[in-house]
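Same chain, two partners: subunit A is paired with subunit B first, then with subunit C.
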Partner chain A sequence: MARTPEKFRESGVDVRIRTRVDEIDVKSARVRLNDGSELAFDILVLGTGTLAIRPEIPGTDLPGVFALKKLEEALAIKAYIAEKDCRNAVIVGAGFIAMEMCEALRARGIETTVVHRGALPVNRWDPEFGKLIVAEMGKNGVTFLANVETRAIEEGAGQRLRLVTSGGDLDADLVILAVGVRPDTALAKAAGVPLGRSGAVAVDFSQRTAMEGIYAVGDCCESYHRVSRSWVHVPLGDIANKQGRVAGANIGGKAMIFPGIVGAQSFKVFGLEVAAAGIGEREAAAAGYHPVSVLIWGNAIAPSMPAAKKVGIKLVADRASGKLLGAQALGEAGAVGRINALACALWAGLGVDEIGYLDFAYAPPFSPAWDPIHVAAQTLRRKL
Partner chain B sequence: MARTPEKFRESGVDVRIRTRVDEIDVKSARVRLNDGSELAFDILVLGTGTLAIRPEIPGTDLPGVFALKKLEEALAIKAYIAEKDCRNAVIVGAGFIAMEMCEALRARGIETTVVHRGALPVNRWDPEFGKLIVAEMGKNGVTFLANVETRAIEEGAGQRLRLVTSGGDLDADLVILAVGVRPDTALAKAAGVPLGRSGAVAVDFSQRTAMEGIYAVGDCCESYHRVSRSWVHVPLGDIANKQGRVAGANIGGKAMIFPGIVGAQSFKVFGLEVAAAGIGEREAAAAGYHPVSVLIWGNAIAPSMPAAKKVGIKLVADRASGKLLGAQALGEAGAVGRINALACALWAGLGVDEIGYLDFAYAPPFSPAWDPIHVAAQTLRRKL
Partner chain C sequence: MAKSVVIVGGGAGGASVAAEARRGDPELAIAMIEQERFVSAAA
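== the complex of A and B ==
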C-alpha cells in the first residue's frame, strides 16, 4: 500500500524523509529545512499531527520511559522489551491507547499495571461500561490502580525504574506514558496561522487555514462536528485520511468539502468491543441541548441461539428535538457494528422515534428481532 | 419472553390457541370459529402470515416431505430425523431458508443436497457472491445441483423417498421444500379486504386495511419500501414485530405510523455472513431509477491485524440523483454490521458522495482506516 520516496519521485513528487521544517516564512512563501536549505511553495499543507503529552513530573526522560505516538516509539518499545527482558510494565493513564497497550503487553506475557488519576478508565464512556472494562482488565491479569497521582519516575534498585505515586511506589522494567496528546502547532503558530478554540489549527470545509495557500489536515487541525455543530479536535487516523484527500482534491483543482465528523470511535480491550459516536450528556448540555439518556442491556444475537452475548447500548437524545445526540456500546460482540449504524443515524440527524423502528438486517445469528438499538431508542423515547 | 394464554387472561385478554377463524362476516362484525361458535369484534387484526409454497408436482404430501414455515413443521422435521434415523436429505430450492437448513442438517451429520432450478443460490445477491456461497456449501459437504427441475417425489425402494428431477433421480430419507412463501390471504379475500399489487393485504401507514375496523400486520400484508417508494411484500420477522406494535398503538388510541422498510435482510451459511438492504439493479430500473453498481473486496479488519478477513461490498446507486439504492455484503465477518450502517444510510436517503466520507468507529481490530464501505462508495461515485 505505502509508496516509497523512490516511487513518488518516479511520479514527479519530491518526497524528503528524515527532513524537518524548522520555519515557515509566509511573506517569502518559503520553508526553511533543518539542513539550512529552503524550499519555495505556492501551496503548503500542514500535517504536523499531535505530540504525546508528557506529564510534568521528574524522570519522564529516563531510559525505559516511553510515550506511544509515533511508529518509532512503538519500535523502540519493542526493542527495549526484547533487549532488557522486561517482565513488568506500568502504564500511566487510562485512555483507549492505555487500554490497547495493556492488552498488547499482556500478550507478550508482561505483568501490567495501569495507574490512573481518575476512578475509571476511558471517561468518554458511561461509568457502568468503565466498571466492566476494569473487570475485563482484572480477568486478564492487569492491575488497575484508580485515583492515584503519579509524582515522579526514578531509577530503581533491583528493578530498573520506580514510579512514585500518591498510592506508594511501584517498580517496573518499563513505563508507558499514555496521558493524551495535543496538536503539534508550533510551526503554525510561529507562522501566524490562526488556531481554533480547541488549540488545533483552524480550517474551513476545504481544509484551508485562514492564511492564503496554507492548508491543514489530520491530527494537527480541527474538524467540524455534525452533532455539536462546533469545531473540535479529534485526532484519529480515519479522519486524517479523509481530510488529506479533501485537501489534495482542492489543491488539485477539484471542488470537494470535508463533510465533518460525528465523533465515532472504538477500541478493543481483550474480549470487549467498546465504541461510541456523537456526544455525551456533558457536551450536549454545554452546547445548549437538553440531554436525556438511557443505558440498556440486550442480546448481541438472538436469545434462541447458543452462546448469546450481551451488548450494552447507551443513547443520549435531545428532549427538545427528539434527535439522537450520542451513542455508546460495549460487548463481547456486536458493539462496533451497532455504533457504526448509529453513527450513520447521527450523521443524518435521525430522531429516536425513527431509530426505534429502523430496518436492520435481522437474522438470529446476528441480532434479536428487536435489536438492542430499537429497545434503547424506544426506552429513551418514553423518557423524552 | 413469551406470555402464556393464562398470563394474558390474567390481564383480561382472552387468548384462544388451537382455534381457527373460518370466516369473517364484515357486515355483522363477527368471526366464525372452527368449533362453529362466533365472536363479535369492533376491531379485527389480520395476522395470518404466509403459507409455504408447495411446488405443483406429485408426491409433496408423502411422509418425509416437509416445508419449513411454522414451528410445528420444525418440530416435525426434528422428530422425523430422530425417529427414522435420517442419513441424507434433499432440499428443493436455494433461498435463504434453504441455506439455513443445509447448515442445520449438516450440523446433525446428515448428507445434504440442494436442488435448484436456477444457476446460483439466493438470487437477490450478485452472482459473484452466489458463487462463493456455492463454494462454502461445497467446503461443508453440501452438494449443490444447479439448473435442475424437480418433477416428482416418489416412494423409493431401499431409501424412503426418491426425487425425480431433470438431472436424474435422487434418493433421500428426507425432502425439504424451500421454494418460497406467499401471503395467506384466504380469509381477507373472502371478506372482501382489498389486496395490494404484491398479492398481500394492502394497508396504510397505521396498518389499517381499506375496510373500516380491520387492520393487518406482519407477513400477510404489504410494507412501504422507502427506497423503491412502493408497497411490497417482505415477510420477515422483525418487520412483523414492528407492524404489530404500530397496529396495537393505533388501536389503543396512540397515534403511530409504521415508517416503512429498506429491505434489510441477512442470513448465515456456515462460515459466511450474507446481508443486503435496499434494491438491486433490476428493481431500480423498474422503478425508473438509473442504476449503476460496483462490487469491491476489502478487509473486514485492518490489514495490519492477524487474520484479516475479506468482505465484499456491492453498492447500487442512481446516476441521476447520486443516491444510494442498494447494498449487499458477504464475508466471514463484518458483513451484517456494514449492511446495517448502509440500511441506515438508505433510510436517511444519503448519497454515495456522503457515504464515501461517513464517520465510522475505526479501530484496526474492526476495520481499515478507509472502510470497504468508503472504498465502494468512492469507486461508485467515480462511475456515476
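== the complex of A and C ==
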C-alpha cells in the first residue's frame, strides 16, 4: 500500500472510504453518494476497477466461497482460514491469479485442488509451458483437474462445502473462484460514457473519455496495445499507476499522453518464473500479421556455473516485416528479466534480425555468451 | 473558485490521479471516493 487515507488528507485530498458513488448526473455535474449527499464536479475521473466474475452456477454466495479481487477479500480469506481451521481448498479457474493462490494456500499447509474447464492452465502461454506448470503444481502437492466443468457449490457435511463437477463431487473447507475479472462500468454506462469494443471504458491517449470533463484510468478502461495496434482491456496495477499519473498531470495543467502497452506480464508459481509480452499467434493473425514462431530451451546462466538452470523462450514474429510480435518465457530463473528485455524490443518495434545480435550485459553468472534470446531470434529468423 | 475534481475509486489508478493532480495544481479541490477500507492498494 503506497499511501494511507491520512497521507492523502494531509495533502488536501478529501478521501472518503467506505463510501459508494451511486449515480453520476452529467447534466448537473454532480455525483450522488450512498450517504445521500451530493458532490459537484468540474472534472470527474472514473477509477472503478474490475469486478470478479462469478460463474453462473448455484451456491457462489455460500459462506466459505470467495472471489479474489480486492485486498479486503484476501484478508477475509485469511481470516476465514484461521477461524474455520481450513484444511483443504478448491480453486475454480486456472489463470495467473489461481496459480498465485495455489502457492499461497500450500504455504499455509492447505491441501489444494485446481479445477479447470480447459486442458491446461494460463492459456496465454504455449501448451509446452502449460504442461510444465501442471508438473510444477504436482511437485508441490497441488492436484490439477483438467477438462472439468463446475456445476454447483452446495453445503456439505459440517461446515464443509461440496463442489459438484462434471468429474464428480469434491469436498472442501474453502472454495476460491478465480475465473477472471471484468471492467466495472455500471456507473459509466448509466452516465452515457461510451465503452470500447473490449467492454471497458473507451479513452484517448490523454485518458479522456468521449464525454467532456470525464476521464477514466486503470482497470475500468482500455489501453492502446502498441503491437496489435488496437485498444484492449489489460487490468494490471502497473498500467493503472501510469494511466492515473497521466490523467492527473492533464488535470493538474501539464499535458501528457499515455504511450500504450505491450502487454508485459509475469507471475510466479512455486519455483517457476513465468512471463510474456506482446501477442500470440492467434491475436497476431487477427491483427493482420503473418505469425511465425519458435520455442527454444537454453541456459539461464552459463552452463559451466554450478547453479545452471534451463529457461524456455518462445518468440512470435511477422513473416512479412520480420518484426517481433510476442515473447513468452518460463524457467526456474531468468525468465522475467528476458521478457523485460523483449518488452523493450516490442516497444521499439525491433526485428528478429536485430534481436539476434542485441548487446546484453553478459557475464557467466548471469547469462551464456549467446543468450537464449539471441538463439531464439536467430532460429526464428531462419524460419521467416 | 478552484476547480473541483471528483475521483470515483481510490485504487492504483484513482490514487495516482489524486497525487499527480495535486502536484500539478495546489488549488484544485480534490475528492476521492472509495467503497472499501483501503486506498492505493496496488500503487
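Couple of notes before you dig in:
In the analysis below, the second predicted complex is superposed on the first by the 376 of 384 C-alpha atoms of A that agree within 3 Å, B and C clash if a C-alpha of one lies under 4 Å from a C-alpha of the other, contacts with A are read in each partner's own complex, and residues count from 1 in each chain.
By definition in this document, a contact is a pair of C-beta atoms (placed from the backbone, for glycine too) under 8 Å apart; a residue touches a chain by one contact, two chains touch by 3 or more.
Note that this is a predicted model, so its numbers are computed, not measured.
Applying the stated contact rule after C-alpha superposition, one finds that A:218 touches subunit C and leaves subunit B untouched. In the overlay built on the shared chain, the residue A:237 is in contact with subunit B and with subunit C.
Of the two partner chains placed by the overlay, only subunit B lies in contact with A:344; subunit C stays clear of it. Contacts of A:264 after superposition: subunit B is touched, whereas subunit C is not reached. By the touch criterion defined above, A:361 lies against subunit B but remains apart from subunit C after alignment on the C-alpha atoms of chain A. Once the two complexes are overlaid on the shared chain, A:48 sits against subunit C while remaining clear of subunit B.
By the document's definition of touching, neither partner reaches A:134: not subunit B, not subunit C. Of the two partner chains placed by the overlay, only subunit C lies in contact with A:247; subunit B stays clear of it. Residues common to the contacts of subunit A with subunit B and with subunit C across the two structures: 1, 237, 241-242.
Across the complex, subunit A is touched by residues 3-26, 28-43 of subunit C. Within the complex formed with subunit A, the subunit B residues making contact are 1, 236-239, 241-242, 258-268, 273, 275-277, 303, 334, 336-345, 347-350, 354, 357-363, 365-367, 369-371.
If you check the complex, the residues on subunit A that touch subunit C are 1-5, 8, 11-21, 24, 31, 33, 39-49, 70-72, 187, 215, 217-220, 237, 240-245, 247-249, 251-254.
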